[in-house]
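After this come two complexes, each holding chain A, first together with chain B and then together with chain C.
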Partner chain A sequence: MILLGKYRYMYYPGCTLKGWAKDLETSTLKVCEILGIDLIELDRWYCCGGVFELSDNLMRHLGAVRSLIKAEEKSKEIGTGDLVTICSMCYNVLGRISFQLKKEDIEKINFFMDDEKDYSGKIRVKHFLEVLKEYGFNKIRNYVDEQMGIKVAPYYGCTLLRPEEIGIDDSQKPRIMEELLEAIGMDPVSFPMQTVCCGSYNSARGIKAVETLRKKILESAKREGAELIVTSCPLCKYNLKEAMYFTELMEMALGGARHG
Partner chain B sequence: MNSVKEIAKEVKLISGQNVFACYQCGRCSSACPMTEEMDLLPNQIIRLVQMSDDAVLSSVTPWICASCLDCTIRCPRGIDVAKVMEAIRQLSIRRGIEKREELVRNFKEMDELPQILLVSAFRKYTG
Partner chain C sequence: MGKTVRIYVMGREYEVPEGLTIMKALEYVGYRYIRGAGCRAGFCGACTTVYRKNGDYKLYSGLACQTTVEDGMYLVQIPFVPAEKPKYEVSEIKDVEDILRVYPEIARCLSCNTCTKSCPQGLETMDVIQSILRGDIKRAAELSFDCIQCGICSMRCPAEITHYHVAQLVRRVYGKHYLKKSKELERRIKEIEEGKYQEEIERLMKLPREELERLYKEIRR
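Up next, the complex of A and B:
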């Protein structure tokens, strides 16, 4: 039996956090250790698929549903139905499965999936930013020794905010990252293109396919005086080139190194 | 083939969207961040689907759409434009009119690409 604190969540890392975006996972876990948040990784999980299938092919949802089934099993052990993701795309896909997929679609998937238990729909998918908000930005403030005052532009991109049913904040005028940045002693800078998509997997056709867009987004942030851009999405980071994860900045601000 | 009169109906059956609600205001195209890479604007695609015009199946536009939903949240007629784009991609694949090979480059630096990029592109380009 694991001894868990008040803030405990199941954790779904997703493929990229175990590979290209290892830094995103490492910094998040460090932040959680400092704040006393327990993220318990699922014993088994599958790639979410990166993108949510929009049309009539339910077979494309199987991987994500399987992970939610594993989460339902795990939830009995640790006593919470909250499943946390850090990657924005994982949040989007799992969130849409758990909140948006019609009941009859879930029933159809359960019917055809012979080798798993049925998914009963009890899992609440949350993004790590929502977890931090629940924990309390004011409480986080207590862990910050120094007001660094760096002008930081939060870049939301598309998957944290759209579709609106699962968006973690207002789809066109979000504030959640600004509030967090302020709490960790930064000087948050909102900018016009912070909710525009970075071009997503279009960079599979070569980074040039998103070049114009990248320049527009970066210039939009710089015009508002930003010295740094933060994101929670590995693909946004790849496409923008000049961005860091908000969790890395948090680790720095909370004195990650000092806490061991 | 019988594509001329069927496209509008097939798109509706796959996507569940009623493209005939569109009155060509163009908000979808003004919101779309990828129009510079497209050969037809999103509102033009919707118009062509209304007319069941084959041109939508050979357009590169549906393959550029990354489903960021900026158009979808702005459409005053409630059309999920991204869903329509996905339906067109599926129709093109089902009919063997494919744009995918022209789109995907030769991955030279495969090791350096985020997994999320490969997975998403693979899934979108295969349907």
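Up next, the complex of A and C:
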């Protein structure tokens, strides 16, 4: 058994956080270090698939299920069944696998995997925002020494909130990011388009609608007086072009640089 | 003859002594290898074999020179693995984006793990591919270090990935761009270029065959 603190979680980074969204991981880990939260990366994990496939092709779920199996193994070692992701997309896929996949589909996948370990469905997939809420936004307040008061618009997009079964907050009127922003000395600004889709992977196909959505979302935030827009999703950030990760802002607010 | 086992080579039944390797068993029943055999010591990866066992739905694979025959084995040799081998310039390939340009199909990996299960070296082949996809060149190179390029992973992969070629590219990239340069190697190359061994090579090239054979045996002793 590894000796860990009170706040310990298994951690699934996902491919993007090891690649072009490295800033999302480094800022999160920095924030965790300051707050005393242990994120323990799984020894083995696989691409979640990037999107939750609605087709009946169960092969598409293998990477996610396999990662959850690795988490079940790891959970015995560190004594928690909580698996944390930061990327909204990975959260959505892993969450839906763990909460929505039908029993007979899990049985089929286990039978396909055959001589490997079965997935028994014991993992609770959590988004990092939920971890921070559990930790206590009031407690986070103690780590902030300067009220920056920047007008920050939290952009949720789809994957944190929909479908409802895995939504980390109310799918129409979420508050979780506003509450966090307020705790770290910002001036949160809710805006009408904050739960609208950014266009998702359509940007990879060069579809114009993504640009239209980008403009609408940014204008909607600006109209409410926002100076800055934050997200937890690398794909949303890519599509919006003018957003930053909420964890980067947290690192600044918690004096990440001072904490070495 | 002591104990024997029944094997089936391309459908035909034979009785062979227990304890033989697949390679030796095939020779025992009269086959002669002109392809699909090499070092006979488990290093060269030339003798890929697939087989099934009686009453077992699994398709197994292994090296013919390393796997012992079992009663009821259905055997077939794979003398050659057809695999696309694109040309590239290692100095121009550094990260996952570059590798994806050469081998775009690796993004088709669904983590089914069939490659890992088929590897006679017991390598975590799927983790090699997954490591590349997340940009971890070092881990991919290290996990694939013991690959002997038998190619069975690529014959089994539903995503049609040629893991053994991809892994070789990754190790080349790792050696070229990430590993510390070896001073000793540079010194040796310089010595060769300056002709330090030229005289010796020229002497050997002129020796008659008998003399070369004598020298070879001497070295082996």
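Note that the second predicted complex is superposed on the first by the 255 of 260 C-alpha atoms of A that agree within 3 Å, B and C clash if a C-alpha of one lies under 4 Å from a C-alpha of the other, contacts with A are read in each partner's own complex, and residues count from 1 in each chain.
One rule holds in what follows: contacts are C-beta pairs under 8 Å (C-beta built on N, C-alpha and C of every residue); 3 or more make two chains touch, one makes a residue touch a chain.
A quick note: this is a predicted structure, and the numbers were derived from the prediction, not measured.
Contacts of A:M89 after superposition: chain B is touched, whereas chain C is not reached. In the overlay built on the shared chain, the residue A:R60 is in contact with chain B and with chain C.
By the touch criterion stated above, A:F52 is placed in contact with chain B alone, chain C being left untouched. In the superposition on chain A, contact of A:P154 is made with neither chain B nor chain C. Which of chain B and chain C touches more residues of chain A is settled by the count: it is B. With both structures placed on the common chain, the touch criterion links A:A209 to chain B but leaves chain C unconnected. Of the two partner chains placed by superposition, A:P174 touches none, neither chain B nor chain C.
Once the two complexes are laid over each other on the shared chain, residue contacts for A:P188 go to neither chain B nor chain C.
Of the two partner chains, chain B and chain C are each touched by A:G19.
Of the residues of chain A, those at positions 15, 19, 47, 49, 60 touch chain B in one of the two structures and chain C in the other.
Within the complex, the chain A residues that touch chain C are 15, 18-19, 44, 46-47, 49, 59-60, 62-63, 66, 112-113, 116.
Considering their complex, residues 96, 109-113, 126-127, 130, 133-136, 158 of chain C touch chain A. Those residues of chain B whose C-beta lies close enough to touch chain A in the complex are 13-16, 33-34, 36-37, 64, 66-70, 72-73, 80, 82-83, 86-87, 90, 103-105, 107, 112-121, 123-125, 127. Note for the complex: chain A touches chain B at residues 14-16, 19-21, 47, 49-57, 60, 87, 89, 157-159, 162-164, 171-172, 195-197, 199-206, 209, 212-213, 216, 234-235, 237-238.
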